[in-house]
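Both complexes shown next keep chain A, but they swap its partner, so chain B is in the first and chain C is in the second.
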Partner chain A sequence: MPDPVILSVGASPVGDSELTGRDLFSVALAEAFENLPDPAGIVDALYVGNQSESYEHQIMYGTLLAEWAGLRHVPAERVEGCAAAGALALRHAVRDVRSGQCDVVLACGVEKMTAGGTAGATEALSAAFDRALEQRSGITAPSQYALLAERYCHETGATEEELARVAVKNHSNAARNPRAQYQSEIDAETVLESPYVARPLKLFDCAPVSDGAAAVVIASEEVAATLVDSEETVRASGVGAGSNNLAVAERDLTFVEGAHRAARGAYEEAGVEASEIDVAEVHDAFTVCEPLLAEAVGFAPRRAGVECALEPGERSDGWSDVELSTSGGLKARGHPIGATGLYQAIEAYEQLTGRAGDRQVEGAKRALCVNEGGVADAVTVAHVLEAT
Partner chain B sequence: MTGRERGDGESPRRVKPEDLTAESPFTLPGFFAALSDGRLLGGRCDECEQAFVPPRPACYACGSREIAVEEQPREGTILTNTEVARPAPAFAADAPLTIAIVELDSGVRLTGRVAADYEEVEIGTPVELTVRELTDQEKEFALDHEEEWPLHVFEPA
Partner chain C sequence: MPDPVILSVGASPVGDSELTGRDLFSVALAEAFENLPDPAGIVDALYVGNQSESYEHQIMYGTLLAEWAGLRHVPAERVEGCAAAGALALRHAVRDVRSGQCDVVLACGVEKMTAGGTAGATEALSAAFDRALEQRSGITAPSQYALLAERYCHETGATEEELARVAVKNHSNAARNPRAQYQSEIDAETVLESPYVARPLKLFDCAPVSDGAAAVVIASEEVAATLVDSEETVRASGVGAGSNNLAVAERDLTFVEGAHRAARGAYEEAGVEASEIDVAEVHDAFTVCEPLLAEAVGFAPRRAGVECALEPGERSDGWSDVELSTSGGLKARGHPIGATGLYQAIEAYEQLTGRAGDRQVEGAKRALCVNEGGVADAVTVAHVLEAT
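What follows is the complex of A and B.
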């Protein structure tokens, strides 16, 4: 079986942009193919992660972006899975290459969330909840995560201040990421004094509304070797995916099982252990997500996940030395929903190829990306990526 | 209060295509019609005993399709709750909303509004399920087929 690698990456800056979704994709495409032949000469298929047509009133993003890239002749489709759409697109690309069906596949994601303002985003994101009982009760995305946060704090003794420190850490990382939406540090007081959005979560516990597009080019190792130096590539050695109930009420409220299964699948395929992961991008849409995911993917002992905000050496026994959300995470890098999974892979690529600048983790060899969709682990995709 | 509804004298059994009418509790129109009559119907897996609302064709815990329909108790306990400062536009008039995940005495869990201020309830508070029609405001945002579907609301017991 061919070994899939990341051949190249590109992305627009994340933030509130004047550009539309297709324009943001053009930015990502231009960067990703800066040193490559035309996409038409090498790309065999295209997948687009995209959450919602309600922002731009545009479906058919597969066809549109294929046309934009000069790829009208290849199969192209939009992949839907709310905020996991990006990693689902990446997973399709990896599997197409591993199966031998394709030599090179373009995985991308695009979202123009600011088009409808905060109310538009609230409305669009609520479509990810169960319509029958959850949506009709008036619940919003922050309040769904607040239900998880309230229970997590109740069972583990974690405090609002500890959750605030997750936001502080991720802003500090984003301050060193030129792609990030918020390139500024904040202190815990800023988080704690921000207004409640849904108790116990406050404004600064939440990822922002973001525009952005990202592209990751997956190729077989053999074909990649004809196009770039091998040290510029990163192995996509393991991928796992898993679903959980759509309605949050029916899940384990303090253990994101879907993410646990997805990560385990990725570890098994790659033949690695959680303890061997050096850097990880986890789906910190809200501060409470990072501790929940740290526990579910095996970095932290149960109930100790909230120590994710501490330096590796300061955490309890049983914690791995992984560096979490070096990009700034969804919280501060920004969260253009359908593109987020690709931004995670781009951070892993930059860390594993030594291109992460001021936020470079020395000696990073293995990365885990965990991308969730719906509320928390309604669907999760995990990728293990390794330096060549 | 909890009782099994047996069809053809040999329930539970797999639902058949012809069972799935708008009167069946295995469909949302049937589930909400029963709720309008004050009956919250759930499914219970005959293999593993997992219970859930609404009823569905297979058990999420074990995959079995042998599902019995059971009327649910109204009494339950708050597992977690929050206050929605800015709800979706359909519910803006009622903001802030108190919302909770409740475990009914049957083990079924569901999310719903709580007719109380956030400060009045907490994890462990006993609640009772009530059912009401949609308000005019809520009906505006409902899809055509949802307008007559009632809303479940928990009240502190």
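What follows is the complex of A and C.
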């Protein structure tokens, strides 16, 4: 069966918005539907990634958005896997089309994190940790990732200065992304002089609290050919899912097994090697994630991941030539939790169709997106996307 | 492709439990896995229906339960569509097997509603209403259903006495269901003398706040044949989904279009007529739902649905011989929100395999399950199940 393709994409700007979740979705949908004839008439199913009901006291986001979009008789549901919800929604869309059950599926994600302020977001995100084993200790997302960062630095010799360069790189990329939350460059001093959130992670090592909505329309290649030119589509070639391990206790803190498995699954399904990936959006919720994931998905040798902030030509042997987080990543493009996986796919789509503007990676043909929920290894979904 | 079958089932008792959600799940899973060789080794995917993170401050229920069940490398996710979450999980399982993507899928549902008390449950359920249009008015689930009941009685001439008989019937059925929350019969006076919650609905017209977990193992017929005898399986023949209409405003209050569409879709996929259904679990969250749904899914002529409480032989012409809510329904078996759709499937499984004990409907060959989220028409999933 031919691979499903991305037919069109749309997204709101990421940031602290005055819009509600549904209005952010409207912005995303208007862009995704803009050049499609009768879009509401062709969508067969809707999946909505959304992390927490607490931000807007709203569940049933699938039904809500279906009605809002005029998709009144289309099966719609919310999927939830914390920050991996967006990629879970995308995975459903890809699989529904690949199995022949649907011709066109809308995958979207919405999060209105700022509704509860930083404290509300911290509280809502802590619900992703195992209540019996870890929530009760009062541990937060930054403090769990700090454990990973501390261990990573201890084992590899990576320094806070090197982690800071990941933030510098991603802000530099975001400065060229009109949808990014932070469109200004920063220097390493800014990171290093920012206050500790959870040692060794400082404020500028952390992704922000963000509002945003993103929409990706997936279609069968056959149907897509009747609607848009083939150079406007991107093939969704491979999907992989990682392991389930909610609690950080008893894990190998410096090897993200879920991402390793998810990426391997996606590569196998797509029939590609890690070394063939040109651009990748990895789940850099904290600076340490990018090196950890670069190693886990096969871009970097173990212990050399922190070189992700260097130009491809400056990295150690064994590193691939991949460009990481060209969108600015979660760190600087922003991280509206349930929508992040779709923002990743949109960046891949724009890179592979030559629409990435000032941040375009020349000749980009293959992309990997890695979206994670929970701390590093709890649930991971990877997609391989290819230029058509 | 052959239809998927239910391979085994398990559920905790429904009620006010001292167990946590994960421990309720353990009870359900132990029963579902009891007679399967190497069950954790054969499950290819897990879907968890769960309504609200607020009861236990826990998201990521898919990952949590996968890890808890020893399904560490199995793709797992939570699906959410308020009270339809259980049937959404089941639908994923059926479709994953039918499409050939999986051989064996575990669909389960968990809810720990009593953790927040009645007020907490009312608050959590109100998140299912449209925040911009209806939540802000302070309207609750009982008060929305009261609008439907008031209108139904006005249009059809049905009385509070007749609605009370639905509760009496369902308590009578639950008295023969060892998993039911209320295993005692009641009389009409008990219903009629109970306090109004939202006129015309009284306390005994309303489903209770319930804890519970249910698990259904779906497998391809081919794999099932290697594991259990064919008389122990039930064919999942048809699935249908209804319309999306979150707000009650501007709806036809006495015609549940979503259920009509969902049931029609399930009948078509199964190749059966409404008149061929022997037993049905419908979404009787309030007594008025059972007559409304009996009409919507084609069991009863319009305006005659309230005769659901009569014996099949006593009903008007045009009524089918179906037995409704043999489990006791949401009303008396109990309504652990995200698990309810799976409790419905379990009742169908037990009826169709002759395991329903004192509540067995002789000769039952076909069952319909209708599971709804939101008020009556927001999201509906219907399944047709058949004896093999």
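One rule holds for everything that comes next: the second predicted complex is superposed on the first by the 387 of 388 C-alpha atoms of A that agree within 3 Å, B and C clash if a C-alpha of one lies under 4 Å from a C-alpha of the other, contacts with A are read in each partner's own complex, and residues count from 1 in each chain.
Everything that follows uses one rule, which is that a residue touches a chain if its C-beta (ideal position, glycine included) is under 8 Å from a C-beta of that chain, and two chains touch if they have at least 3 such contacts.
This structure is a prediction, so every number in the text was calculated from the model and none was measured.
Contacts of A:Ala132 after superposition on the shared chain: both chain B and chain C are touched. Look at A:Glu77: by the touch rule set out above, it reaches chain C but stays clear of chain B.
Using the contact criterion defined above for the overlaid structures, shared-chain residue A:Thr140 touches chain B, although it does not reach chain C. In the superposition on chain A, A:Ala198 makes contact with chain B only, not with chain C. Shared-chain residue A:Lys365: touches no atom of chain B or chain C.
Legend: residue contacts after superposition of the two complexes on their common chain; A:Asn245 is shown touching both chain B and chain C.
Once chain A of one complex is fitted onto chain A of the other, the partner contacts of A:Leu88 are limited to chain C, with no touch recorded for chain B. Residues 126, 132, 135, 245, 247 of chain A are contacted both by chain B in one complex and by chain C in the other.
Touching chain A in their complex are the following residues of chain C: 20, 22, 51-54, 56-60, 62-64, 66-67, 71-82, 88, 95, 99-101, 126-128, 130-132, 135, 241, 243-247, 261, 373-374, 378-379.
Chain A meets chain B in the complex at residues 119, 122-123, 126, 132-140, 142-143, 146-148, 150-151, 154, 195-201, 245, 247-250, 253.
By the touch criterion given at the top, residues 28, 31, 52-54, 60, 79-91, 94, 97, 99-102, 109-113, 118, 123, 142, 146, 149, 151-152 of chain B touch chain A in their complex.
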